[in-house]
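The same chain A turns up in both complexes below, where it pairs with chain B and then with chain C.
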Partner chain A sequence: MTTLIGTIRESLRYKGREGQIAWMGHRLAGLGTLLFFVIHVVDTSWVFFAPELYSEAIALYKSPLFLLGEVGLMAAVIFHAINGLRIAVMDWRPQLWKYQRQISVATFAIIAILFVPAFIIMAGHIIEILSSGAGGVAGL
Partner chain B sequence: MATNGTVKVELRVRRYNPERDEKPYWGSFEMEAEPEDRVLDLLHHVQWYLDGTLAMRRSCAHGVCGSDAMRINGQNMLACKALVKNLVRGGKGRIQVEPIYGMRVIKDLIVDMEPFMEHYRSVMPYFVNDEPAPENGRERLQSPEDRERFDEATKCILCAACTTSCPSYWANGTYVGPAAIVQAHRFIFDSRDKAGKDRLAILSQENGVWRCRTIFNCTTACPREIPVTQLIAEVKGAM
Partner chain C sequence: MATATQTQAPKRDTFEIQAWRFMRWSGVLLIPLVFGHLAYIHIVNSVAVIAGADWVLQHRWAYLNVRIYDAFLLWFAALHGFNGLRYVINDYIHQGGLRRGLTIASGLVLVIVLTLGTVAIVASPGLTSFWGGWTRF
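And now, the complex of A and B:
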């Protein structure tokens, strides 16, 4: 009797703790990564089917919006990977449930630690692209 | 807190009478309560003195029968175990009560428990052993260690607080849910029972344990403090 909309609404309304927050993040990160993957497969296929569209797509990836999206993609991949490991560990060693709060906090900390250097490298790359004038293709 | 030690509470209750209302709405009741009052006491106050049409379930009123599970201030719990002092900070505040989510609302706080019971029955929640009883006619003996193995699972009172706190269950009502898995655990790990494989076969199906996403809402919601997620993971491990 429940619906997708109902599940999303109740996931936002129910006051779950770290586990629920991590689950929602995991779903969002997974779906976001999947979306990128699908787009990427489609645009790569244009190399064969529509080369001129492929060039446009590659140029579009250098627009500020997509460069920012790449940072989000990196965050999503790191989150999904590390949180996935947490879930696997919790299923593998059920007795650790007593420490699930601490393990969740540690997981979030590891994600942040891994994301910071990735962000610095990517931000440098973005600044380089934008200052070279290669960006702005999408008019953003 | 008021001078006489009481607390001013605005009790918001999700109301719905399918025979009369087009959609659910929030009813609001103001009252003074003792910090040690339970949410059940507040609901009784509404039912007995303010609005007799309020519908809810309760039986023992002492956390044993499990009939008054509801969502209180955003979390599933038993109304008879939820104290005002743990929900309201300072001298006044709001307590929000709504039916557990994922099951059809019959009226106000009463939901149709039949789908939940159907999942419970589906995991064979009874002792199976067709071997002859011991010759001395006494019970099948079990060591304290073997008894301890499934002790936590024996505490379940089938209140449905865990199952209806589970996003996987919200998304898919055919998932057997945490409570049914706990009930299966109680027999799967009982050294005297002989139908563990049958139960594991049932739980390894599409709507069995693998729909658990290790979210831990069930563990926090359980009024009997059963480590539900741990027991589910143990069943996963036994597959």
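And now, the complex of A and C:
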């Protein structure tokens, strides 16, 4: 049976180029974002269902591990969104497939250009939160 | 291991074709929804400003436009994400029973997520204004 792990392992072995990196990145980023999304909707619903628990969830988001995860999530969403836009545009305009390699490279470049300022600003937030002592949960 | 089947060309668009199209236009719609949310909460502000449930009620869900925005984000991200998960399940799980089981289980999680999220957005107290929630903290 083919598995997700098998896909990742074989993809590394196969050394596919832009298209395959884009496909695997899109799948992993989509699944990662979905996992976070489910957790995040549940904890946000505690604003209504369990306000005390909500405070604890928010404290967890201010821990170093989750702050790091937040940066990873930003990267995953930017990758999935911009690459997803590429997929949609190429499906609507098949004549663009002549330039698929160049378009893939341009897509990666746009992703990097969007992520760099986001990373710098978020790193600033993290330093501020951790140095103010607001990062609550011990051990994380 | 895909099984070859012969099918008649459908007269109307099949569910799968509509799902394929939905993934594309919902994705395009999710760009402003998701980037707007990330930009406001994580770039302009940060998780540091979120003090607790009362803070959310007072600074976010007091405003009708924020509740509507959050409802759109919730529904489109959930339907797009769980349909994507269905694609992944179909790609990797070829055993009929297991595939059906996982699809039903993920469908249940989708219903739970949509219910929890929608009830919280609609039923939370403290709605006071039509428009607002753009503060930089």
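Throughout what follows, the second predicted complex is superposed on the first by the 123 of 140 C-alpha atoms of A that agree within 3 Å, B and C clash if a C-alpha of one lies under 4 Å from a C-alpha of the other, contacts with A are read in each partner's own complex, and residues count from 1 in each chain.
Here is the rule we use: a residue touches a chain if its C-beta (ideal position, glycine included) is under 8 Å from a C-beta of that chain, and two chains touch if they have at least 3 such contacts.
Note that the structure is a prediction, hence the values are computed from the model and not measured.
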item	value
Partner chain in contact with A:Ala112 - chain B first, chain C second, else both or neither	neither
Touching partner for A:Met90 - first (chain B), second (chain C), both, neither	first
First, second, both or neither for A:Leu4, with chain B first and chain C second	both
First (chain B), second (chain C), both or neither touched by A:Gln100	first
Touched partner set for A:Met74, first chain B, second chain C, both or neither	second
Which superposed partner A:Gly16 touches (first chain B, second chain C, both, neither)	first
When both partners are placed on the shared chain, which of chain B and chain C touches more of chain A	C
Touching both chain C and chain B, counted on chain A across the two superposed complexes	1-2, 4, 7, 87, 91-92
Interfacial residue positions of chain A with respect to chain C in the complex	1-4, 7, 27, 30-31, 33-34, 37-38, 41-42, 44-49, 51, 54-55, 58, 61-62, 67, 70, 74, 77, 81, 84-85, 87-88, 91-92, 118, 121-122, 125, 128-129, 132, 134
Complex interface listing, chain B residues touching chain A	71, 73-75, 101-104, 165, 167, 169-173, 213-217, 219-220, 227, 229-231, 233-234, 236-237
For the chain A and chain B complex, residues of the former touching the latter	1-2, 4, 6-7, 10-11, 13-20, 22-23, 87, 90-92, 94-95, 97-98, 100
Interfacial residue positions of chain C with respect to chain A in the complex	24-25, 27-28, 30-31, 34-35, 38, 42-43, 46-48, 50-54, 56-57, 61, 74, 77-78, 81-82, 84-85, 88, 91-95, 109, 113, 116-117, 119-120, 123-124
